[in-house]
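Okay, so here's the structure we're looking at.
Chain nomenclature is as follows: A, B, C and D, assigned in order of appearance, with residue numbering initiated at 1 for each chain independently.
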Amino acid sequence: MIKVGIVGGTGYTGVELLRLLAAHPQVQLTAITSRKEDGLPVADMFPSLRGHVSLAFSAPEKADLNACDVVFFATPHGVAMAQARELLATGVKVIDLAADFRLRDTAVFEQWYGMPHSCPDILGEAVYGLPEVNRDAIRKARVIGLPGCYPTSMQLGFAPLLAQGKPLVNELGLIADCKSGVSGAGRKAEIGSLLAEASDNFKAYGVKGHRHLPETVQGLEAISGRKAGLTFVPHLVPMIRGIHSTLYAQLLPEARSTDFQALYENHFRNERFVDVMPAGSHPETRSVRASNMMRIAVHRPGGGDLLVVLVVEDNLVKGAAGQGVQCMNIMFGLDETTGLMQVPVLP
Amino acid sequence: MIKVGIVGGTGYTGVELLRLLAAHPQVQLTAITSRKEDGLPVADMFPSLRGHVSLAFSAPEKADLNACDVVFFATPHGVAMAQARELLATGVKVIDLAADFRLRDTAVFEQWYGMPHSCPDILGEAVYGLPEVNRDAIRKARVIGLPGCYPTSMQLGFAPLLAQGKPLVNELGLIADCKSGVSGAGRKAEIGSLLAEASDNFKAYGVKGHRHLPETVQGLEAISGRKAGLTFVPHLVPMIRGIHSTLYAQLLPEARSTDFQALYENHFRNERFVDVMPAGSHPETRSVRASNMMRIAVHRPGGGDLLVVLVVEDNLVKGAAGQGVQCMNIMFGLDETTGLMQVPVLP
Amino acid sequence: MIKVGIVGGTGYTGVELLRLLAAHPQVQLTAITSRKEDGLPVADMFPSLRGHVSLAFSAPEKADLNACDVVFFATPHGVAMAQARELLATGVKVIDLAADFRLRDTAVFEQWYGMPHSCPDILGEAVYGLPEVNRDAIRKARVIGLPGCYPTSMQLGFAPLLAQGKPLVNELGLIADCKSGVSGAGRKAEIGSLLAEASDNFKAYGVKGHRHLPETVQGLEAISGRKAGLTFVPHLVPMIRGIHSTLYAQLLPEARSTDFQALYENHFRNERFVDVMPAGSHPETRSVRASNMMRIAVHRPGGGDLLVVLVVEDNLVKGAAGQGVQCMNIMFGLDETTGLMQVPVLP
Amino acid sequence: MIKVGIVGGTGYTGVELLRLLAAHPQVQLTAITSRKEDGLPVADMFPSLRGHVSLAFSAPEKADLNACDVVFFATPHGVAMAQARELLATGVKVIDLAADFRLRDTAVFEQWYGMPHSCPDILGEAVYGLPEVNRDAIRKARVIGLPGCYPTSMQLGFAPLLAQGKPLVNELGLIADCKSGVSGAGRKAEIGSLLAEASDNFKAYGVKGHRHLPETVQGLEAISGRKAGLTFVPHLVPMIRGIHSTLYAQLLPEARSTDFQALYENHFRNERFVDVMPAGSHPETRSVRASNMMRIAVHRPGGGDLLVVLVVEDNLVKGAAGQGVQCMNIMFGLDETTGLMQVPVLP
């Protein structure tokens, strides 16, 4: 059994981790910390966990995280990098669901997250936790920086196009028009996320610039080995879970005869959590609700030169907690799907 | 033109007042205060008002509220009673959308609202702003305590039963099972009101006791002149606006032959904002969305001894801002429907 | 492995059965019928099942249902009773999610469902599939009539009160104010269930009389062995899944000193799927979303004589498919929780 | 008073027309037809209209549409063209909310709508009812083909870019990623529009090709006088009303120094129903809910060469019924805003 600790389990990625780990056959939930909720049984905050999780939150200094095999950080940005060194020193692996170990360039991190990076050396060894791209490195990693929810969908959606030896599309003019349910904003008391504000409503936000832009560009360039240019426009959907990314790429003349359906199917042939749907499909976010699955469909409207790729994922699962568990499975030599084969909940 | 001021216009009842008053043909919006938003054009906070409201918020001390004919308080409990005396002294009428002037008994007020009442003398002259019950008193009032959203629906729903010379139902065993959209919780940053918490979900709350209980009992007793007993169970509906109250009353043996459909129709025959629907109807909250209308249907399932009354209103209109404007119309001698004849928005 | 067939798998209870059975460790999905969708892979209709269910729908005459150990009917009323005899004759057990085997009295069935009952003899041996009441009979049953979604919540919510040797409450004056998500109306193309009609809206329906009334009264009387009288008012909530029943019962004078919290906890002490929450709780439907759990809270507002019981369940799981699997587990001697321990999905 | 008839008032654009026309000070609602609902008071079908509309539906042959000054067709495609000739012959003007008079080229009409066009001569004189583009022609028109909901947002959103003497953007590579509430699908009993299907879900549809594509391209080319190329990807949002179009246009090198904020503000300076928001804004659909307003924001992320234009409208008002009333006002010499100054409903 893998002994697992969670730092900061009071948010949506935290409770989702608990949902998945509570049912994971190889995991023993060992500690979950929250200074504010010290002593409160987790199931008192989240009654959905009654009968499944008997742990109580404990203040960080009381929790024996060093006794864990792995610790997940479901915390605001900045927390994991403050605690990682000590955990690593005692042999505990670290999986951060926040942004501390995502961006390779600390200057870029500081620009977008407004804080200096406190441990560039650990960042140096950290692995970006996108198994479909980095599986081998994950296997050997001690520190994982899990991708953001949007970046997961954008990178995997563009990956088959960019992973070829030569460019198929204008890689400097990529567009990602992304739509997310409001759980992506976290379990924070903010007016803009109230049901009375966000329900029966639709809007874009952060068009000027969003933290997931530099992360995604970094990832796309890692895939292609070439420079990438991306316009990323996020939108807020009046739903709880789910991301739908609509990706646009301009075909290069030499790629016009490519069979993109086949390209995508081949690229993901061995992936258990990426489902390339039949040509002509329109994946729905609910088709992956509460599961670690991603579904992708490739379109070329009117047979023209603009490729349209539709990607759906559950932002809390494949976009966060589920991907974290997937990485953990890889790191500990388990079958990658262990504890992650939930059938999506529909309707 | 009636010069109107609003104290505290940043919440849902505030913006709803602005929506109604901006289109009211006899109203000149004169001042709107918010210490926190001093200087901010109202339409910057609520873009829906762009082109309709050119006022900016001003700090209370800058706003010349004394130049108004009437001031609405769309504020937390306690604010109106702190400012009413000065306004009244300069001849300004006061309409409070909060609870300061609802409860006749200051001890009850203090018990439920946790603060002492600072002006019992003004409370003494204040009129409970439920036009269908108190129209004559409202006409002469200087101070109005507007009913709560739930109490409006419960009182008008039970009124025809209680307004008779002798009891028709067990007036000590009334039940109100009420359901409200989340805007009833106000424009406050609270986790329980987040879309990701309240959407696709249903729950009761406050079963132990809710502030609208004593207010409603007081109102029911004022209608009947007899003692009333009420169990009130509020629930939260994943929708923005609307209250649906399902009322239960046990018929007394001597009332079994009463034609309750006729009783209700007669009682509200001259009311412009209460619509008794045909027998067998199931009123929907959306049938009154964004309007000052209330719709009521009377049922007697299986021809038995339990009367079931269904009441719908828009909690922000007939349950708050609209009822305030209705009172204002009465107080200033206008036709009661002036500025209040919006057709409900459906779908 | 239990070989399972499903007749009529294109509705919401059908796809929910598939979700549960696909992950059930002791089940082999053997056949699923739909005349209209003959040949269509189930996962083409419900992409959430891609990778989990490889079966295709087949026309009834092609499906070898007789080779199954048990057949679920997720069909309109009337279908199961037409096919049960043949299946039983070949040793196949039958679990009907519709109403064919719920009502003991065929006259009542015909009155409420508008069709004669075609096999009173089979009805005679059928067992009402409410394990918390009928576990022993279910164990030996060949034919199960599964309770309706509302009746499950009402019966279990009232059960501890009625199961005592003498009445604790006025059993002739029970009230159930119930609220259901729209999946309860089934996957049928009806205008009233459109998102543009049912969203941001709330209403009662069927106040005059609802099919679940006689079923529930029959069940309550079976529990108490005494006559029961119930007023049942169903409402439609703008959410997908979930039932919240708010139950009212008038205490008898001799029961005033009863500890109802203890009564409920004792009654359900050994039940794995009924969770009596701590005193003062307000269960939310989302706390059981996508799980077979029911949660109950008992209130006595103001310490008065009216008991208020709050019950939540997922109408498609404990209210339908999950309860069916629970019965199947009992009938085949499995642990009752096999394949049913999903952690509820929150948020 | 303008005598107005409506053919086919049982859908969402029909009831929205009724909402607007019932409150229009210069309109007398004269007839509303529905063969199926002959004799049914309109307010029985739509209780929101109780007290506002006293008309009953009448079968087409009974309705004296010839006595009207103008007849709106809120019908399926094909109905208006079958009845227009007779109405025009008696001097009645025609405003069609469907597609019969949108496409100039009958071959294109037949290709996308699957029926021959029955009156090319009337089509020849019909005017495309987009006042911000065609105001003068609308003033003199006898027949109006109202734009579709998506095309209204796309054309007005791109208009300032295309209306210049020389191209500013790559007009052959325009992209419109559009999102619509489900009322856009009409009041039709279809499974895909059920709340249990469309709620808490997001998806694209019609990526292969959508009827609003040729209409929009025709309109864009009419604005620019040049060839246009457009990729249009519609998506379904779990909300009732509202369209959000996110438009992408690649700047030409010679346009890099253009002040696009000023360009948009100037272009729409005199328009009462198009609001160009301040730079950096993110318009929300709810900011125009139930109103005829459109709001637009112009972005240039990262100061790069891709222009992003955000457009919101209420699909049932500016995208349908409201635009129809706006055209009527122009045709009959009224102030264009008569009866259309409703303040948007927020929250």
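Just so we're on the same page, contacts are C-beta pairs under 8 Å (C-beta built on N, C-alpha and C of every residue); 3 or more make two chains touch, one makes a residue touch a chain.
All values derive from a computational prediction rather than experimental measurement.
Summarising the inter-chain layout, the chain whose CA centre lies farthest from the centre of subunit B is A. One simple way to say how far apart two chains are is to compare their mean CA positions; for subunit C and subunit D this gives 45 Å. Our note on geometry: subunit A versus subunit D, Cα centroid distance of 39 Å, whole angstroms.
In terms of their C-alpha centroids, the spacing between subunit A and subunit C amounts to 37 Å.
Counting only residues that touch two or more partner chains, subunit D has 12, 181, 183, 187, 196-197, 199-200, 238-241, 283-284, 286, 289, 347.
If the chains shown are joined wherever they touch, the resulting network links each chain directly to all the rest. The residues of subunit A lying in touch with subunit D in their complex are 173, 175, 177, 179, 181, 196-197, 199-205, 207-209, 229, 231-233, 235, 237-242, 244, 246, 248, 250, 280, 282-286, 289, 299, 301-302, 304, 306, 308, 310, 312, 347. Remark: subunit B residues 12, 181-183, 185, 187-191, 193-200, 238-240 touch subunit A in the complex. Residue ranges of subunit D in contact with subunit B, taken from their complex: 12, 15, 19, 22-23, 46-52, 183, 187, 199-200, 240-241, 275, 277, 281, 283-284, 286-291, 293, 295, 316, 341-347.
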